[in-house]
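What follows is chain A paired twice: with chain B in the first complex and chain C in the second.
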Partner chain A sequence: MASPSALPRAGEGGRPRRRPRSAVQRGLRMLPVVPSIVLLLLFLLAPVLWSFYASFTDASLSGRGARDPQWTGLDNYARMLGDSSFPLSAWLTLVFVVASAILGQNLLGLVIALLMTRARGPVSSVVGIAVVASWVLPEIVAAFAAYAWFSKDGTLNQLLAPVGAGGTNWLYSFPLMAIVLANIWRGTAFSMLVYRAALAEVPQDISEAALVDGARGWQRLLFVTVPLIRSSIATNLMLITLQTLAVFTLIWVMTAGGPANASTTLPVLAYQEAFKFGDIGYGTAIASVLILIGVVFGAAYVWLLREKRP
Partner chain B sequence: MTMLRRTVRPPAPGPTAAGSARRRARLPADIALAVIGACFALPLLWLVLAAADPQAGYQTRWPQAPSLANFQAVLTPELLFQPLANSFLLSAGTAVVNLVAAVLAAYPLSRYQSRFNRPFMYSVLFGTSLPVTAIMVPVYGLFVQLHLLDSMPATIFFMATTTLPMAIWMTKNFMDAVPVELEEAAWMDGASALAALRTIVLPLMRQGLGVVFIFVFIQAWGNFFVPFILLLTTAKQPAAVSIFSFFGQHGAIAYGQLAAFSILYSVPVLVLYVVVARGLGSSFALSGAMKG
Partner chain C sequence: MHRPARFAATLAAVAALLVVTACSPTPEGPESKTLKVIYQKSDSFTALDEVLQEAKKEFEAAYGGVTVELQPIQANDDDYGTKLALAQRSEDTAPDVFYEDTFKVRSDVDAGYLLKLDGYLQNWDDWSQFNEGAKAAGRGDDGGIYAVPLGTDTRAIWYNKTVLQKAGILVPWQPTTWDEILDAARKMKAADPTLIPFNMYAGKGTGEGTVMQSFYELLYGTGSTLYDENEKKWVVGSQGFTDSLAFLKTLYDEQLAVTPAEALDSNVWKRVFGEWLPQGKMGATVEGSYTPSFWQKGGIYEWAGYTQDMGVARFPTQKGQAPGGVSMSGGWTLAVGAKSKDPELAFNYLATAVSKKNALAFDINNSQIAVRKDVAAEPSYQAANPFVKDVSELVAVTHYRPATADYPRISTAVQVATESVITGQQSPADAAAEYDRTVEKLVGAAKVLKK
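Coming up: the complex of A and B.
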C-alpha cells in the first residue's frame, strides 16, 4: 500500500471480469457474502427489531412479564414522557454529547492538530503519544484512572490543595463535569488523528498566500483552513457524536449514573431500568429511542460520505 | 481504530514571510502542546506509580518503598491468568470469525460487479456507526429467548458481528488494492476463484489482514459492556469484567493491585497498537471509514 489515497473508494469495486453466462451463476458467485449477511441479520438487525417490539410490551426479567409479556401499546413511551427520569436523562445526554464531543473533543483535537503543524517534531510526537495513550487503553482501565483522578483523595485535589481548593468530592458534587472532562480526555485522540490527516492534505501554499495577503492567524484558520477541511469536520462530528452517545463504561465506573441520576445518560438509564429494576419493556423503549437517534446520525453519515463521490 | 499518522513536514523554506512567522510561532506552540500533553499524561501517571507502590491510594506520589509486590499479588491463576485466557479466547475468536466472514464477503464485492454491491456497502457503512450500547438491552432479551446467555461461542459471534461492518469495509478496500490481473493469469490456467483467492490474493494482502485482525482484537479485548451483560459465570468472564468486580466488591480496594492488574491487562493492546502504528503508520491513515 503506497499511500492512503491509493485505497480505492467504496462501491466502485474491482473491475468486472469473467462475465458469467446465466443469472444463476451470477447469483452463485455472490454466495460467499451469505455468512456475513446471516450474522448481521441475526445479531444486529434482529435485536433492533426485537427492541421495537418489546418496547410495546410489559416484558420483564422475572415474574409474569418474563413468562408471558402482554402487549401494552404506547404505555412505555407515555411513561417516558410522564416520568421525571427520562427527560432529565435526555437532557444530560444532550449536555454530555455537546460538551464532551462537539465542543471538547472536536475543538481540542483541532487545536492540538493545528499546534502540531507548528511545533517541533519531537514535541509533537511525545504529546501525540500522551494523547493517544488514554484512547488506546481498554475503556475500563481509562475509567479507573479517571475515577482515581477525580476521587476525593485523588490527584486533582492533590494538585488543587496548594491553592486551598482541595477537598471537593468531584464525582459527587460535579458528576456531569467529571464525566465530560473524562470523556474529553479519553476521546480527543480520535479527533486529533482525523484533523492531523486532514491538515496534512491542506496545500501549504494556499495558507501562505493568505498570509502574504495579510490575513492574520485566526482569519487564515477561519476562512482558509476550516473551509478546506470541512468534510473531515463533518464526518468527525458525526462519528464522535455516535461514539459519545454510546458511552457506558466510563460513566458506569465513575459515577454509576449518580448521585440520584445526576449523571444518568440514556444508555445508563436503559441499563438501570432493564437490569436493576427488571423492566425490559421500559428499558427497550429507552434503547429504541437511542437506536432511532443512532439511525438518524448514521444515515446522515452515510449521506455525507456519499456526497463526496461523483 | 485509527493509526498514528506521522506527518513530517519539510522545514519551512528560506526567508519568506511565512517561514519566519512559522519560526516565531514555534516556541508558543511547543509550550501550549506540552501543557496539553501533560494534562493527558498525568492521570495515567497514577496508574504506573500506584502499581509500584504496595501502600498506594488514589494520590499520585512517588512510592516510598517501590516494589513489584502488587504484581506478585495478582499473578495468580484465579486473579489474572484465567481472566486473561478468557479475554484471549474471546478476542481471538472474535477476530477469526471477523476475518473469515469479511474475506468471504469482500471477495465477490471486490471482484464482481453486481447491483447488490452498492446498497450492501452502504448498509455496511451504516452498520459501522450503529451505537452498540443501545442494542445491549434487546440483545440480552434475545439471548434469554434463545437460551444463549452465558455461552462463550454465542458471545463471540455477537461481538464479531458488532465489528463485522468495519472489518468488511476495511477488507474490501485492501482487496481492491490487489490488482486483478494476477488472478486472471491463474484463471487462465484453470484455477478456481477459491484457489486464486487462497494462493494469490490473500498472501498479497497479508498486511491488510493483519491490520483487520489486530483492529478487531483490540476492540474485543477492551470490551467491557458486552461480556458484562452476556457472560454470567465468573470462570468465563474476561479480564475487563473481572477487574470490575475486583474494584467494586472486595471491600477495601487494593489500589496498587488494581493498578498492577490494569497494566498487565493493557500491555497486549498497547503492543498490538504499536505494531500497527509502526508497520503501517505511514501507509495507512484512518481506516476505511474516514477515507472512504
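Coming up: the complex of A and C.
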C-alpha cells in the first residue's frame, strides 16, 4: 500500500498559469492580512518593545519608580550578574527545556509516532486519544491535574503506598523532576502529531529499498526516515523549545518556584520580581533575557535546518 | 472595486470594536456620577464586602444620581496588592476609593496613588473619634494623612486548652521565656507524638504571615530590631536575628512544629484553623487577633467550641526581659485615589464606609481591634468574642513594620532565611550572614547599621 504522498497530487500542474499582476493588485491582495498584522503589532510587538524599554528604567509598581521612572541604563542587567538567583534560574530553565522539551517531548513524541504507524487501528487511536487528552486540557487544568498527581496525598503516592513506597513529597523533594515530567506529559502530544504527519509523508518505497539492501530497523530509522523528516524535526524542536521556555502556569501551580527557588525558571523569576516585589524594571530585564535565549535557540534551529539541506 | 470597499468596512468594524472595548465604562451624563471602589474579597474574607455594600446603599440613597461601582478583587494579600497597583497605573482603571494595607501607605504615597486627605479631615467630625496611634497608620513621609484606618490587629499565642491539659500543663498558660515555650512543646510531644505542639510559620509560602506571625515576635523579643527608625537604617549582624532563626530551627528539627514541607505550602494556615486546632491535633500557634473571625458564626471554619477550648497568651520575650511580651500590628485602611475625578464625593463615600455603625460591623465580623473610640466603647464590640480584651491589651507591647518602599524585599529576605534554616540548607548563622549580604545589596551599604 503506497502512502498518499507517493501518488502524483491531484490538481498539481493543472493550475491555470498566473497572469502578471500590477503592483496595485498585489497590494490589494495583502489587504486581508492587514488587520491581523495591525493586531499583532499592537498586542505582541508593542508590549515586547515596551518591556525592552522598561528594562532600562527603574519602573516599579509602588514608590518613586511608579510615579516617575528614571532611565538607569544597564543597571538592571548588571544587577543580574551579582544576583545569585539569576544564574540558578537560568540554569534551571536550561535543564527544564533540555530535559522536558528537547529530550522528553521530542523523543517520546517520535517514538510514539513510530510505534503508531505499526500499531493496529484501535490501539493507535486509543494511544492517540490518551496522549492528546493532556494537550487538549487548558493549561491551568493540566497544572492542577499534575499537582494532584505529584502532591503528598496525591495519586502517585496512593498508587505507591501498597508497595510501601508512598509518602515522598515529590513537589518538595524533587521539584524540578516533577515539573519536567509534568511538562513532558502535557506537551508530548504536539511532537507526536507533528511526527505522525511527517512520517505519513515518508515514501514507503525508499524504506523498502533500504530493507532490500539489508538495512536493519534502527538503520532504516536513522539513515532513511530521520533525514527525510529533518525539517519537521527542526520545526518541532523550535516550537516546543519556545513553548517550554515560556511555561509558567504549570510551574506556578505545582511548586510556585519553590522550595527555596529550586524550581524557579526565568518566567517565574521575572514574574516574582515584577509583580511580587513590584520591580517592573528588573522583571522586564529578566524577560528580555528570556526573549534573547528564545532567539538564540530559534536561530540555532534555523541554522541547523539550512546547514544540512543539500 | 468591491473588495477594497469591503475591507475598508471590515477595518472600520475592527477599529470600532477596539474603540468600544477600550472605553467600556460608558461616559456619564452631568447628573450621573460613578465612584469606583476597589477592595479585597475572598472566601475567608467577606466582612469588608458586606460593609461596603451597606455603605453603597446608604450613600446612593443620600446622594441621588451617584452610582457606587464595587469592584472586589478575589485574591490573597500579596496578589491583591499587585492587582491594585496595576489598576492604579492607568487613569481608566484607577479607583476612586480603595482598600490599602497600612505598610504600603508610604510607598504608595511616594508613587502618587493616594490623595492627601488633610483638607477633608478638618471638616469631618468623626475624625476626632480615631485614636492617635491608628491615625499615624495613614501618615505619609510629609506628615499629611493619606488614609483612614478601618481597624488594627495584634498577634498572640493561641492554644488549645484541652491539648495542653492532657500534657499536664496548667491553663491559663503564659510562657515568660522562649525556653518555657520549648519545655511545654516537648511535654506535649512526649504526651502524644502525633501532635503538632507549637507551630510558627516559616518560609516564603506563607509570605507576610511568616514574618508577622512568627519571626518578628522572636526578633523584637531579643532586644534587636529590623529597622532603626531614628537612624533610618536597616539592622544587620545582630545576635537577636541569629537567635530567632535558631529558635525556629529547634522547633522544626525537634518536630515541634509542622513539617518543613507543610510549612512551605501557602495554604498551611487553612489547616491550622480548619483542622489542627479544632480537632485537637495542634497545641498552639502564633496568630492574629482576627483568629476568632474564622471560627465564629458565619466564619469559614465555624467552631462553636472555640470560646471554651481556646486560650490566648502573650508571646514572651527571649529571656523574659521587659516589657515581658511582644506583638506585631498591621491593619488596613481606606484611601482616596489621587486620580479620582471627584475627590470630595469619593471622600464622602469613604466617610460613610468607616462611620461608627459600619466600622462596628466590620470590627466585629472580622475580629478587628477597633480604632474608633466610640466603637471600642460599644458593649456589642466588647462582647463579640471572649478574647477582645486580651488581644486589645497587646497594643501596649506591639510593634509595626517599617513602612518603607523597600520593606517588601527585606521581608522576603527574612522569609528566605527562615526557609533555608527549617529546610536544613543553612545553619542559623549562615542564613543570618546571607540575609545581611542581601540587605546590603538591596539598600546599599550606607543604609545598613551593624549591631
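We take it that the second predicted complex is superposed on the first by the 256 of 310 C-alpha atoms of A that agree within 3 Å, B and C clash if a C-alpha of one lies under 4 Å from a C-alpha of the other, contacts with A are read in each partner's own complex, and residues count from 1 in each chain.
Methods note: a residue touches a chain if its C-beta (ideal position, glycine included) is under 8 Å from a C-beta of that chain, and two chains touch if they have at least 3 such contacts.
Being a predicted model, the structure only gives us computed values, none of them experimental.
Shared-chain residue A:32: touches chain B and chain C both. Using the contact criterion defined above for the overlaid structures, shared-chain residue A:213 touches neither chain B nor chain C, since it reaches no partner.
Looking at the shared chain after the overlay, A:197 reaches chain B, while chain C stays out of its contact range.
Applying the stated contact rule after C-alpha superposition, one finds that A:46 touches chain B and leaves chain C untouched.
In the superposition on chain A, A:67 makes contact with chain C only, while chain B stays out of contact range. When chain A is checked against chain B and against chain C, the one touching more of its residues turns out to be B. When the shared chain is aligned, chain B comes close enough to touch A:131, but chain C does not. Shared interface residues of chain A (contacting chain B in one complex, chain C in the other): 31-32, 35, 39, 152, 275.
Per the touch definition, chain C reaches chain A in the complex via residues 3-4, 7, 10-11, 14, 78, 82, 85-86, 88-89, 104, 107-108, 110-113, 203-205, 260-261, 264, 266, 405-406, 408-409, 412, 416, 419-420, 423, 425, 441. Listing the residues of chain B that touch chain A in their complex gives 2-9, 16-18, 21-22, 25-26, 29-30, 32-34, 36-47, 50, 57-60, 97, 100-102, 104-105, 107-114, 116-118, 120-122, 125-127, 129-142, 157-158, 160-162, 164-165, 168-169, 172-177, 180, 184, 187, 193, 207-208, 218, 221-225, 229, 240, 243-244, 247, 255, 258-259, 262, 265-266, 269-270, 273, 280, 283-286, 288-292. By the touch criterion stated above, chain A contacts chain C in their complex at residues 28, 31-32, 34-35, 39, 60-67, 82, 152, 169, 172, 256, 258-260, 275-279.
By the touch criterion stated above, chain A contacts chain B in their complex at residues 1-18, 26, 29-33, 35-37, 39-40, 42-44, 46-48, 50-51, 54, 59, 108, 111-112, 115-121, 123-128, 130-134, 136-141, 144-146, 148-149, 151-155, 158, 185, 188, 190, 193-194, 196-197, 199-200, 204, 207-208, 211-212, 217, 232, 235, 238-239, 242-243, 245-249, 253, 267, 270-271, 274-275, 280, 283-284, 286-287, 290-291, 294-295, 297-299, 301-302, 305-306, 308-309.
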